[in-house]
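Taking it in order: structure first as structure tokens, then the write-up.
Order of writing sets the chain letters: A, B, C and D. Residues in each chain are counted from 1.
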Amino acid sequence: MQAIGKRRWTIAGGRIPLESNGTEPEFTSRDEIAVLNCCDSPARLRIHIHYADRPAVGPYEVEVAARRVRRIRFNDLIFPEALPLHEDFGAVINADIPVVVQFTRLDSGTASRSAVATAAYAERNLQGSGR
Amino acid sequence: MQAIGKRRWTIAGGRIPLESNGTEPEFTSRDEIAVLNCCDSPARLRIHIHYADRPAVGPYEVEVAARRVRRIRFNDLIFPEALPLHEDFGAVINADIPVVVQFTRLDSGTASRSAVATAAYAERNLQGSGR
Amino acid sequence: MQAIGKRRWTIAGGRIPLESNGTEPEFTSRDEIAVLNCCDSPARLRIHIHYADRPAVGPYEVEVAARRVRRIRFNDLIFPEALPLHEDFGAVINADIPVVVQFTRLDSGTASRSAVATAAYAERNLQGSGR
Amino acid sequence: MQAIGKRRWTIAGGRIPLESNGTEPEFTSRDEIAVLNCCDSPARLRIHIHYADRPAVGPYEVEVAARRVRRIRFNDLIFPEALPLHEDFGAVINADIPVVVQFTRLDSGTASRSAVATAAYAERNLQGSGR
């Protein structure tokens, strides 16, 4: 299948919630991205995390297999260092081939869970098929 | 009316929730897409589902009548095979004419329902009017 | 101030919830759009509503004053005919000058309110500044 | 790192909720934007607020440090004047260098919190890298 998506995605409003309620791991509070790779080759992602008051950290390296989807919880990114809970961050995701990225938050630290989803921002001039 | 929208849409963060609360079918947990076809002819959609750890399945074929809107629950896609509950998936939706797609999740399996909506990702180089 | 936005926006996943809880009118269940007009002249909107199983209805005509924002509840659109509750619809919004449109749903008909917001789909080839 | 994002972003559906529940300041009802600046120089933002029935107010001036992310609550914008609670507004955000903006609302004034997030509308012809 042909390449679908773009090679750079960004998220400005990340924050891993502090508390969790509900069954683990399904309802662990988290920020996560879902990545769809429609290509015939694996996608190599390099993620840089930007903070409010200290230098950016990265790259976190993640692979998404050919023709597969993969959820990546920011909680699970631990090398070069784990992301702190409850601290604002932004993420820049660079892929070596076009992918589609969706950003979701699940906040289970309150009586009522609150979930938000939004498309990440796709950088237009790094589009896959235009090259 | 002229064509509005694009011919390819993708969703990276699909997952059909396991449990449901509330009246059926209004509050059945579900992932669904709403498709708007403003053209004077029916739109034929071919949907491929991508998974995390097994080959993609499809096409699921769905038609949206001329000048109509249609909600499609992923729960209801059963041929070539029903989508499993509680498993991550991505969807690639190809239409033969331009349509507009919106993605919504309703999770009623908890005390408090949680709903998310997000625009699907529209592939730019498959835009309707540019051809 | 210069024109910002686009002249055509679409929503695929509209549906006015049936029940409401909470204080009126703040928590009336509703689908609504927020329209921002940054131009020095009023924006004239013509909205067409598409349904799942009957012909489209419109235009509903709405004006947004120069350099103002305006919320428009689909519940409040009554001419040429009121929108039915609890029925799927899509909306095509044409403006005579560029505007920015955001779509929000508030569903107060349940113990826990659920709100979704999503950017409407902006037709690229009807961009304001490209003309 | 190179510039990522755009120089103009807009929000049409702003409204600061009236009531709050939960711990301060984490659960104060609010509308906020998260801004990601990937450039090597600080980004200077000029925000104009548009209302439903009175003239626009601004600019509110905010700086986002080089290679940092910053959350800006509309509640906290006080010069030239504080934003009123519970009143519809739109925001036009102009930056002197490209940034990425994400819009989030947290409404804690009800038994169940409700959160919405949506990408702000990015003006295409003010893209960073295209110049």
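Definition applied: a residue touches a chain if its C-beta (ideal position, glycine included) is under 8 Å from a C-beta of that chain, and two chains touch if they have at least 3 such contacts.
These figures come from a predicted structure and were not determined experimentally.
**Q** Once the Cα atoms of chain C and chain D are superposed, what angle does the rotation have, between 0 and 180 degrees and to the nearest 5?
**A** 90
**Q** Compare the CA centroid of chain C with every other chain's and tell me the farthest one.
**A** Here the answer is chain A, farthest from chain C.
**Q** Measure off the straight-line distance from the CA centroid of chain B to the CA centroid of chain C, and report it in whole Å.
**A** So the centroids are 22 Å from each other.
**Q** Calculate how many whole Å lie between the centre of chain B and the centre of chain D, each centre taken as the average of the chain's C-alpha atoms.
**A** 30
**Q** By the touch rule stated above, which residues of chain B touch at least two different other chains?
**A** 111-112, 114-119, 124
**Q** Which chain B residues qualify as touching chain C in the complex?
**A** Residue positions touching the partner: 1, 4-5, 22, 27, 33-36, 38, 67-71, 100-102, 104, 111-119, 122, 124, 127, 129-130.
**Q** For chain A, which residues are in contact with chain D within the complex?
**A** So the residues of chain A touching chain D come out as 8, 10-14, 48, 50-53, 55-56, 88-90, 92, 105, 107, 110-112, 114-119, 121, 123-125.
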